[in-house]
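Here is the structure we will look at, set down as structure tokens.
First chain written, first letter: the chains are A, B, C, D, E and F, and each begins at residue 1.
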Amino acid sequence: MVLSLFLVTAVASFTLATIYNLTAEPIAQAREAKRQFAISQVVPEFDRLESRNFLPPDGGDSLEFNFAYKNNELVGIAVNTWTNRGYSGRITAMVGFNTDGTIIDVVHLQHAETPGLGDKIEKGKSDWSDQFRGIDPETTAIRVKKDNGDIDAITAATITARAYCDAVQRAYDTFASHVLSQTKQDGGPAL
Amino acid sequence: MKQWRNFTKGFIKDNPVFILLLGLCPALGVTTSAFNGFGMGLATTFVLLGSNTVVSIIKNVIPNKVRIPSFIVIIASFVTIVQLTMEAYMPELFDALGLFIPLIVVNCLVMGRAEAFGSKNNIGSSIVDAMGMGLGFTLALTMLGGVREILGAYSIFGIQLIPGVTDGMLVFVLAPGAFIGMGYLIILFNYLKKKTA
Amino acid sequence: MNILTVSGSPHVYTEESVSKIMYGVVLSLIPAALVSFYFFGLAAIMVTITAVASCMFFEYIIQRYLIKGPVTIFDGSAVITGVLLAFIVPANLPLWMVVIGSLVSIGMAKMTFGGLGKNVFNPALVGRVFLMISFPVEMNMYPKPTSFSTQLTDIVTGPTPLAMVKEGVAQGEKVSDILPEIPEYANLLMGNMGGSVGEISAIAIILGGIYMLIKKYITWEIPAAYIGSVFVLAGILWLIDPTYYVDPFFHLITGGLMLGAIYMATDMVTSPMSRWGMIVYGIGCGFLTIVIRVFGAYPEGVAFAILIMNAFVPLINRGFKPKRFGEEVKNG
Amino acid sequence: MKTFKSGGVHPPENKISQSAAIEVLPVPETVTIPISQHLGVPANPVVKKGDSVKAGQLIAKGEAFISANVHASVSGTVQKIDEVADSSGYRKKAIVIKVEGDEWEEGIDLSKDLVKDITLSPKEIVTRINEKGIVGMGGATFPSHVKMMVPEGKKADYLIINGVECEPYLTSDHRLMLEKAEEMLVGIRIQMRALGVEKAIIGIENNKPDAIEHIRSLLSDYPGISVEPLKVKYPQGAEKQLIKALLNREVPSGKLPIEVGCVVHNVGTSVAVYEAAQKNKPLVERVVTVTGKGLKSPSNFLVRIGTPVSALIEAAGGIPEDTGKLVNGGPMMGKALTDINTPVTKGTSGILLFPEQEAHRKPVHNCIRCGRCAGICPMGLEPYLLAVLAGNKKFEDCEDENIMDCMECGSCLYICPSGRPLLDQIRTGKSEVGKIMRARHK
Amino acid sequence: MFSIFARITTQESKTHDFFHSLTKQKQVNEITLISVISLGSLGTIAAIILYMVAQKFKVIEDPRIDIVEEKLPGANCGGCGYAGCRALAEEIVRKESLDGINCPPGGNEVMAEIATALGLETTEQEPTIAVVRCSGSKENAPPKVKYEGDMTCAFSHSLFSGEGGCPSGCLGYGDCVASCDFDAMYMNDVTGLPIVKENCVSCGACVKACPRNIIEIRKRGKKDRRIFVSCINVEKGGVARKNCKVACIGCGKCVKECKFDAIIFENNLAYIDFNKCTLCRKCPPVCPTNAIHELNFPPKKPRPENKTEPAKAE
Amino acid sequence: MEYFAIVIGAIFVNNIVLAQFLGICPYMGVSAKVSTSVGMSGAVLFVMTLATIVTFLIYNYVLVPFNITYLQTISYILVISSLVQMVEIILKKVSPELYQALGIFLPLITTNCAIMGVALLTVQNEFNLMQGVVFAISHAAGFALAIILFAGIREHLDLMDLPKAMRGAPAALIVAGILALAFMGFAGLV
């Protein structure tokens, strides 16, 4: 009895291990493709990526900075940022910066906001997030208008909009403290 | 003929979701759109098919005492296969179905069929049964997903029905809509069952 | 001599009947309706008429063609459901949404269970919550009260007092800074505030409530327990920190509390039977209302609170029985 | 003013015959005397067809413990002993006597003189009551001698006399208290002696102020007896509610009044006890109210048992054209008659005629769960629940919900705005639960 | 199989990688090894634990429970209304019958297997059917009073003798119809009497439901032919006749007519014993009130429909 | 405060049945009577807590160290099912009363999404053991709340004669739907 159960589990696990090995790479590829796709949406065309992690100034998990190079020239920085102030849990997003600190574009990565309400942050669902394109966080307040900012909220989903602003702001703050400051000191683009 | 009836009974007469009320969790949980329902249905069908077949092959070799654990292992293996392949080749759908993929393993439908049918019948009938039930399940999930998508987002399989209008009646995308849609579809299927009987 | 009738005792019956009670309640709603017609104008009238007509229409269709039973649309209960549904949506809600709300109220919340008296949840509230979740945008735009206007579209909208307080507090503003933007209490009491069609005037609703109490359509337990517990809980919070918690009177006279406590929580079909049951139910409603208003995402919690307590009613009815005669030996 | 606390209703009183003095109804041509006019085992006939009998003669003997003797109410010949339809239309055994003259058994004192001195011992009183076939005249027709025998280990300290007459329309007890007050008071003294109690309270609702006044004026001669006016509320006449109202004692569920030291008798019973003990007269006649809104002259008659109801109605002016319902008893507890020729029995306190438009139940709607029935149930039950449980055949649940506590007062059916047949369903439930309980005891 | 998935997402190119990856990786063996060892030992441990626990804590139970449980799907879905398959098995063994038990995933096949396993099949019995023994239709026994209140036979019966006056007659409020779970009865609107359809399974629910004991389970008879006295009134002939034109008046003619001693006469009422009755059709014509009914016979001189008419005594 | 958020979130805001659709089978199947639903809730509480602890240990001390997290599903289901059966057998012997009250529901739970789901969610949320236990208990409480309320309503509806087409599952689902609507009011509490 014990033997047969052992055999069953052994066969099963052998099969699974095989499948796992077969799929491990495609899975990794799929993940990588997804990441690259997200990055490519917020920075101009690139041929090389370099990633480093920086801690945001207000603490919390570190953000992944993807420096995108084309012909060895830095064309943009895609920052993988997050916020915990979403309506239901964490929202992650990719924010692309020009080297001067203006935002190229923003795209969401993952969220659990209510379909039909909070999911308007998704590019495919609404053009709400297009507002972030090209703004300079130095001069434009990344806050919803209700909070005296410059961003239009999503109707009936202010919480989500607010959270998204928070994520973008976090990306910028980290960017500012780790990258911009350095650029300013060195008088040229970092790295 | 008998095989044909075996195959089609899962569509209406013994529809696993609407008539037998099996596997309600995924039926409610993933059917925010017709496509998600369809994908979940196919994934479940695959597991059903695989486990039913394997169970009917090895039914005579397995001692009775460890029958159930063995079945569980077999089913779980197929679920893991689905999980891994889906993650590799259909990452979007994998994200949308989320938790409910590993939960196929505890879907009463799968376990019940393996036990009730796979362990007692030959391979041929087992496959037919699994296909029938699985497609019935897929049909049900696609229908529920379709209804919820149409009412909740005015679209079907992602195609907008009213250009420019993206917000439907949100409840149908949310939890209450799942229950309510299911409730009324059960009425419809009971009616259809009576009609076709 | 006629053919004799034979029936079990008793052989005399009260004059009271279902339709008398129902139309009595409709009558008592008139002051609140007048106030809302005054402040929200033609729009309010249109919403009310649409809701009543479509509730009766759907009840007729369902009874006639789906259930194939007796048609009882004139017993007044569908009228009340219609009026109350209209009273708890914004006056500028598109009329087709009102029709959907009526369909949900009557078709889903009432007729699914067989019609009058068999439903578990308050139909009008199910309709409202359904609309609220389905159409959050439209259900969140409340017209500003004006004196009678015939305008139907492009009405100026603004947040309700409760929403203003909630939004403000969420931003870290102090209650004392927010309140000045809101009309003073006497004005609120009369109904001069943003809100759903019929909920605005506490005075008119209390008037109707007194009429219903006198006519014995409702008993005092539920409104008293509900309003009382809201007052006490809001009061406790206020005493703890008056900068961020608004004072209890504000909670009583804004939002749908009065309408809810007097007309919706008291719907006999969906409320407990025994006195103590009613009191527990009322306190439960009050507690949930405050929890949702103060800590939840929604500025207003009356509808949800009552619906949730509706679900508790069968359990309350089991737990709180009337005192039986001779249950315990008592010799005076 | 006293009353019982929880529940109760107040239907329109309609006591239209209250000022009509008791008239003696002439003896009819034949009388039909059922052998079962009381609660318990039917009596066994001791006469046969063709026998000639005198008024007051024993014609059927109650042999079981809970049973009662039946006497001829007229003199004449026994025409037949046969199954005769009773008020419900079912056939029960009855003795039909063709009336010849009006001859009474020897030893019965027919004079109107008041005999005040009580000579019988307690034991003799009980025997006399048993012999003379006295049953409760308040409606339940429970054999009175059984109630007089206080069970071992129990002790009565109050005799309660039920002069409440809480039923609308009925006035027979009211007239009796006005016209036979002294007889009643002597009867009460006799009952007190039999029970060995010192105190008796007569409970009377204050819609009969003249009766209260009248009896109070006579009380000085009858020590230990007091009168208590009560607020009008139905069903104050029900014995448990009456005890609660008068003494604030609550008879435990499923128990008898003696549990709290009380015995309850009706005023009519007291008069009958007086006649049995002091005049040796068996229970062969009673006061019956004949009333109804369409009736020409609503009256109170002294009627021989066995007289057909039609004779009473005839004497009250004949049956009105639009009569839709005939009721034996009060409007709240009485039984509808299927046939106008049913005989008057020991329990017939009134005959009530309803015009056609008042003869019908209200149209039935769904229960709107208004809770009124539960609010007014004097027994603290939940009639809507009992009814729906019984309707769904959930009899075990009925039992758990104490359906057997229901005394069938009818308040719930009266009050229901939806016209639910509450008491009908509860009765079905009670009879089924009764079956279940009996089966369990076996 | 995979290609199905692949096609949906139009990622066909990936299938190529799939085969490609088969051939590489040295880590593969390691992971496989770990997997097999750990999962294998997990499974083994699970099996051993279960086995030991089962041995140690064996509770003596009816072995048939195991047999039945074996037949059941083991889905533990609760669809049968019991707490899992074992609970259902226990219930079946306890009740020793399959009445009202259904296992949705298993279906009829499983039920049949269990029946075989437990030897529960009902031994073939002569088929029976419910018969309504009253013809007091609105025409034959016209109402004399009007009843109002709870429209059930049970209460009406407890209240009075019925609108028609016959204390044994059908009250017509259909308690029997309501009690039938097989949709085998309905009320005839014209006569106000219940009618049993041929799909009756003689479960006896209606017999219990009728407060007047009007319904009887009788043999179906050859070709569904039945003869019975459609009356149970025991009152004297005259009394019974006064309320109902088609009552059995206890004249005894049928008793004399019957050659097989099949008719029992008691309390003014004839009763045909279906075990003795040979369906010879001699008695129906002699009944002066046409109280004896014959069902499903080919028409004879007086057509069966005539039976509602009072026959002239020949 | 963190625990408070877990508790409120699990019971009210993200109620396992009404918002997350886990354990619908027992929710529909064992809710005909209040008494059975109480028993079921007890059993779920017990198994859910136990299963979460055991799977937590398996995951963190076997699967992660050996880098075989892809075996999560299969190992969880094995562990949970043998655990439940073990508990059942022991309970039957040791305490027949407790077995009568809870045990009979145990097999029903073996293959139940709620248990598996919570075990998987514990990992997904990266809880530590203590948080996982609180999470499991709160979800069980949420399950209990939903099913007991629902059973009360069903007992009530049992007595109303609903339209024929509605009886049984349809009415139950619509009640569940309205209940879910009502529970949306708790949105934003945490």
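Following the convention adopted for this analysis, a contact is a pair of C-beta atoms (placed from the backbone, for glycine too) under 8 Å apart; a residue touches a chain by one contact, two chains touch by 3 or more.
Remember, predicted model here, so these are calculated numbers, not experimental data.
Trainee: Please state, in steps, how far subunit D lies from subunit C along the shortest route of touching chains.
Mentor: Between subunit C and subunit D, the shortest chain-hopping route counts 1.
Trainee: When you check each chain against subunit A and subunit D, which touch both of them?
Mentor: Of all the chains present, those in contact with both subunit A and subunit D are C, E, F.
Trainee: Considering only C-beta pairs in contact, identify the chain pair with the most of them.
Mentor: Top of the contact-pair ranking: C-D.
Trainee: For subunit B and subunit C, what's the span in angstrom between their mean Cα positions?
Mentor: Each chain reduced to its C-alpha mean, subunit B and subunit C end up 41 Å apart.
Trainee: Can you work out the whole-Å distance between the CA centroids of subunit B and subunit F?
Mentor: Centres of subunit B and subunit F (C-alpha means) sit 21 Å apart.
Trainee: When the C-alpha atoms of subunit C and subunit F are each averaged to a single point, how far apart are the two points in Å?
Mentor: Each chain reduced to its C-alpha mean, subunit C and subunit F end up 34 Å apart.
Trainee: Rounded to the nearest whole Å, what is the centre-to-centre distance of subunit A and subunit F, using the mean of the C-alpha atoms as each centre?
Mentor: Result: the chain centres lie 34 Å from each other.
Trainee: So which stretches of subunit E touch two or more other chains?
Mentor: 14, 31, 35, 38-39, 42-43, 46-47, 50-51, 54, 75-77, 79, 144-145, 148-150, 155, 159-160, in rising order.
Trainee: Residues of subunit F touching 2+ other chains?
Mentor: Correct list: 25, 28-29, 70-71, 74, 78, 81-82, 111, 160, 166, 170-171, 174, 178, 181, 184, 188.
Trainee: If I count partner chains per residue in subunit C, which residues reach a count of at least 2?
Mentor: 4-8, 108, 114, 117-118, 130, 133, 136-137, 297
Trainee: Specify the contact topology among the chains shown, as one of line, ring, star, complete or other.
Mentor: Topology of touching chains reads as other, fitting no named class.
Trainee: By the touch definition up top, name every chain pair that qualifies.
Mentor: Listed by label, chains in contact pair as A-B, A-C, A-E, A-F, B-C, B-E, B-F, C-D, C-E, C-F, D-E, D-F, E-F.
Trainee: Could you pull out which subunit C residues touch subunit D in their complex?
Mentor: It is residues 1-2, 4-14, 16-18, 20-21, 72, 75, 77, 114-118, 268-270, 272-274, 321-332 of subunit C that touch subunit D.
Trainee: Enumerate the contact residues on subunit E facing subunit F in the complex.
Mentor: 31, 34-35, 38-39, 42-43, 46-47, 49-50, 53-54, 57-59, 75-79, 81, 83-87
Trainee: Across the complex, what residues on subunit A touch subunit C?
Mentor: By the definition above, subunit A touches subunit C via 87, 117, 146-147, 155-157, 159.
Trainee: For a test of understanding, state which residues of subunit F touch subunit B in their complex under the given definition.
Mentor: Spelled out, the residues of subunit F in touch with subunit B are 18-25, 28-29, 70-74, 76-78, 81-82, 111-113, 115-117, 120-121, 124, 165-166, 169-174, 176-178, 180-181, 184.
Trainee: What does subunit F use to touch subunit C in their complex?
Mentor: Contact set of subunit F toward subunit C: 34, 148-149, 152-153, 155-157, 160-163, 166, 170-171, 174-175, 178-179, 181-189.
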